[in-house]
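Attaching a single structure in structure tokens format; questions to follow.
A, B and C are the chain letters, set down in written order, and residue numbers restart from 1 in every chain.
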Amino acid sequence: MPPKISRPWLVALAIVAIALPLIPYRFEVSAYVVQMFMQAVTYAIAVLGLVVVLGYTGQINLAQAAFFGLGAYGVALGTVTGGWSFWLSLAAGAAVATGAGLALGLTTIRLGGHYLAMITISFQQILDLVLVNWIEVTRGPDGVAGIPRPSLAGFELADDRAYLVFCAAVLYVVVFAVWWLPHTRLGRAMRSVRENELAAEVVGVHTLRTKVVAFSLSALLGAIGGGLYAGGFAYISPDNFNFARSVEFLTAVLLGGAQSPFGGVIGTLLIVQMPEWLKHLPESLRFIKDVYLAVYGIGVILIMVFLPEGIWGLIKAARARLARPADTTDTSGVAPLDFDVPGAAGGPVLRVKALSKHFGGLKAVDGIDIEVARGSVHALIGPNGSGKTTSLNVVSGIYRPTAGQVMLGEEDVSLLRPHQRAGRGMGRTFQNIRLFSTLSALENVMVGAQRDRNPIGRGNRALRARAMSALAFVGLADRAHVIVRNLPYGHQRLVEIARVLAGHPRLLLLDEPAAGLNQTEKMEFVDLLRRLRGHGLTIFLIDHDMGLVEKVSDRITVLNFGRKIAEGSPQEVLRNPDVIAAYLGTAGKVN
Amino acid sequence: MPRDPLPSFGTPRAPDSDPERKPSVEALTNNLQVIFQGLALGSIYALVALGFVLIIRATNVVNFAQGDFAMLGGYAMVLFFSALGWPYALALVAALVVMAIFGVLFNYGVYYPLRHRSFLPVLISTLGASIFLQNTVLAVFGPQPRPLEKTLPVDGINVGGVFLDSQYLVILAVTLLLVLGTYLFFEKTLLGKKLQATSQDKDMARLLGIPVALMISITFIYSAVLGGIAGVLVGPILFVSIGMGSIIALKAFAATIIGGFGDVTGAIVGGLLLGVIESLAAYHISVPYKDAYAFLALFLFLLVRPQGIFGEKVSEKA
Amino acid sequence: MALLELREVASAYGNVQALRGVSLRVEAGELVTLLGANGAGKSTTLKTISGLIAPVRGEVLFEGQPIHRLGPEAVARMGISHVPEGRRIFPGLTVRENILLGGSNRKGVTRRQLEAEADEKFQIFPEIRPFEHALGWTLSGGQQQMLAVARGLMARPKLLLLDEPSLGLAPLIVQNLFGAIRDIRARGTTILLVEQNANMALSVADRGYVLETGTLILEGSPRELLDNEEVRAAYLGGHHA
């Protein structure tokens, strides 16, 4: 649920929101000021697009001005050249922009980081060149003039003040939607991609689709802003939609705070208004204006160094300090965790057949066969470098096998992506704990519950209930709303387990689950594993603590140099001379 | 930010026309002319790309302000040579000293505070540096582009109907020398080896006692000077302007991706290739969209072969 | 005064408390080995000594001087050479160049001197001489390990830290490698050897320590540790319920 806003605040906010755009009706405000705010409002809508793609999803987009431009030119060319209505033109521009955003989002299938930055810049540059040079269509540097105002329900919005109210209304709708988004299924998926894309993928989030949607939304919002801008100012030219403008949008969202729509609005106001305010400085302080532009750049660096969450981040931090302590979570009425895995039949849950994984010349895994029986705890051990972690990564889908198969139940999953395997009931935890650090424990676990085909009801309520049950199972129901990076290490481990349990797994892959736990925590962990097995869960784990492995495992497979060297019950395996030699080594003849 | 009012960078100069010559020879000569110019422009891209790649290898930082190093170099020459009237050699040395100092400032002001953060804050930080540089220069020099006089005794030489502009020849020669010099430095000296070691495994270099912070400083200085030289070289051809760095940077970045991200040879080959592609496309297809070809080429590479010509495969995903 | 002394050192690696108060010493001229299962904290110990990790508690003293606040470059200059786990040779440099860079911690040494000393290293590790001008990444695991040790020796260290040199290497190669280690020790270099391969390590060591989840549980001569049930249990479990 989005954070509760107390009634008085809500009322105050509503009053201010409604009153602000109506001020010009009551008081004498120059046309210039009204237009300035029109510009700020339309820019803010575009900047909110960056909040979605960059702030929420963590993807860099240096082409927001291009999308802004597509919306603007859509309206301009549609109405002036094509004679269409404003709304149809806006829709057309938005459609083209969203399509472009979708295409850019698809490039993330292969590329991230710098490459993505470059692709968005390339798109921005190409569009800029087209706008300037395709004179037959876009009128080139001369721009397009005479863009008409729209009429809304028969009411012509010719008056600047009326148009401002209209734009403000659109902005408010967008702010509300963007504010609500993080608490939806999609929003949580976006944030998980930003925090830890690999973990998100493994836990069942369709990361590519999430990124594509993020880009599409960003483009859509950019286009809406641009379309409204064109309608407002009656004249547009390519100058307004270039790389410099994209950088300006980016600066605005970083300054204000990319994680929040309020930050986006604040940042836009500052970036747009600042040069204006500086114009009105008294003579003695006039030098600040000259220096401002230069300082602007340093400001960006300083924000990155000192204020990574922007101004809104500061405000939030201050509020957190002043706020009352968080309400204790109501843990009554939390249903016990349900472990039924529908469609369960006999036979091994996991089968690995002749599996190999080579990295160039290195044979990390060299033809292994393992069967994990239903309802058992099966450990994979071996000295450092024996191929255990690589095997687990192949089973969970992070690597493609060089040869061999991975069977989950009766299904061959060897070529499925990790989120698809999660959708079939394969859950996995990581050795170095991959939680979504800025999300709460509950939100982390809810992402786990979001995996495809999870047999629970649709809707946030069902997700929440499932997540609370999982947290209760590991004993952390009362810490549901704590941000996980503030939890102690042992509790973080438990949240990771709860996250995977929320997805109704039929196979649990645990990668060194006891790493970093002290003796007491390890004992508790052994208990937890036993309880899980008691509920019929199948567990496949890697660990180095043989005492623990011996206590919990039904069966152990030992690897060395990528091959299986022993398999059997703990008693058999841990006394096997080959296994002892593999671990302790042989003295041999030292020459 | 002011729009650059000048004719587009590197408009091919129409080659001398000789009515006695056969059309096919004429066509060949024209193409050679264009290729020659393309190589010269490509050399500028290559120099900037080289500096760019050196920083990436040493620090993993993608420096969006790299092109502005060239802009700074150009303006430094405008200051010392045009405005103050110093002799060319002295002005050049002064400009390079300014660039070296700037490299140090950039290292400590932009890279150092963010060296442990993820790539996004650093990238944005370099964008901020770019904005700062452009606006500072704007405040000092004003928005009008400044000319840098050609100081060469001859305009150019004529080889078989192909006119070789002397400034372009100088660009090619200097680039060749610098590439050679860089190669010798990195391959033959111990300091060069230490710089390479720092790029390949920073922590291991520290364990051996290599002063990694100093190595990074040196890399930034070297990179800044390379960029500055590019600006000085290209100044006489196209005026020195605030925005010249941005477009060069983007093309240099494109060149490194085409050549193979992070690969030194790739940066140079990519730069030259890009210059030639751009010039040929402008000549044969259309001039106004000249800049687009670079980005189209980049787009294609990113989709089809993101590792570029010399790069290793981008890491696999399941 | 011991050459190296750790006093109640506690270190973290990531969020994990890897060392929980470790005290040990290494006397000049000794070969001491630090054993334990994977995850016991052996590598963290070496990283704390060489300065890659700063301890949260405790002290590291080298020749009586506290070094635990120094960075790796400074520690290297004091005469401690750390050959880390996974070999970490520079893949884009040749074998010879890798070795030469091993001398980077020394002041006032000429290139010519370094080249001469590099030649000496090929006598200790003749197996890599044919690859003198080959790039690092082309070498096999065993060859890379020998190169890493040769490079470590170029520092003329007073203390050589070896982290799991046998990792991933075939038994025969491990034998050769340990022969060389014994040789190095015979020439007078003090060595702290971290190993998973307990038997191999104890066959060359003067003394040994055993780590288990961040605490030292055993100390003794090879004779005392070899065939000690406790050692086996530290690796393979089976002691205390």
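As a convention for this text, a contact is a pair of C-beta atoms (placed from the backbone, for glycine too) under 8 Å apart; a residue touches a chain by one contact, two chains touch by 3 or more.
Note that this is a predicted model, so its numbers are computed, not measured.
**Student:** Could you tell me which pair, A-C or B-C, is linked by more C-beta pairs in contact?
**Tutor:** So, comparing the two chain pairs, more contacts are at A-C.
**Student:** Centre-to-centre on C-alpha atoms, which chain is most distant from chain A?
**Tutor:** C
**Student:** How many Å are there between the centre of chain A and the centre of chain B, using C-alpha atoms for each centre?
**Tutor:** The computed centroid separation for chain A versus chain B comes out at 36 Å.
**Student:** List the centre-to-centre spacing of chain B and chain C in whole Å, with centres computed as mean CA coordinates.
**Tutor:** Each chain reduced to its C-alpha mean, chain B and chain C end up 44 Å apart.
**Student:** For chain A and chain C, what's the span in angstrom between their mean Cα positions?
**Tutor:** Going by mean C-alpha positions, chain A sits 42 Å from chain C.
**Student:** Chain B touches which residues of chain A in the complex?
**Tutor:** Going through chain A, the ones touching chain B are 58, 60, 107, 110-111, 113-115, 117-119, 121-123, 125-126, 129-130, 132-133, 239, 243-244, 247, 250-251, 254, 290-291, 293-301, 303-305, 308, 397-400, 417-418.
**Student:** Residue numbers of chain B touching chain C in their complex, please.
**Tutor:** Of all residues in chain B, those touching chain C are 190, 193-194, 196-197, 200-201, 203-212.
**Student:** Residue numbers of chain C touching chain A in their complex, please.
**Tutor:** Contact set of chain C toward chain A: 14-18, 37-39, 164, 166-168, 170-171, 174-176, 178-179, 182, 195-204, 213, 231-232, 235-240.
**Student:** For chain B, which residues count as touching chain A in their complex?
**Tutor:** 1, 3, 62, 109-110, 113-114, 117, 119-125, 127-136, 138-139, 246, 250, 253-254, 257, 261, 288-289, 291-292, 295-296, 298-299, 302-303, 306, 314, 316-318
**Student:** Which chain C residues qualify as touching chain B in the complex?
**Tutor:** Touch residues, chain C against chain B: 50, 52, 71-73, 76-77, 81-82, 84, 88, 90-93, 97, 100-102, 104-106, 111, 114, 151, 155.
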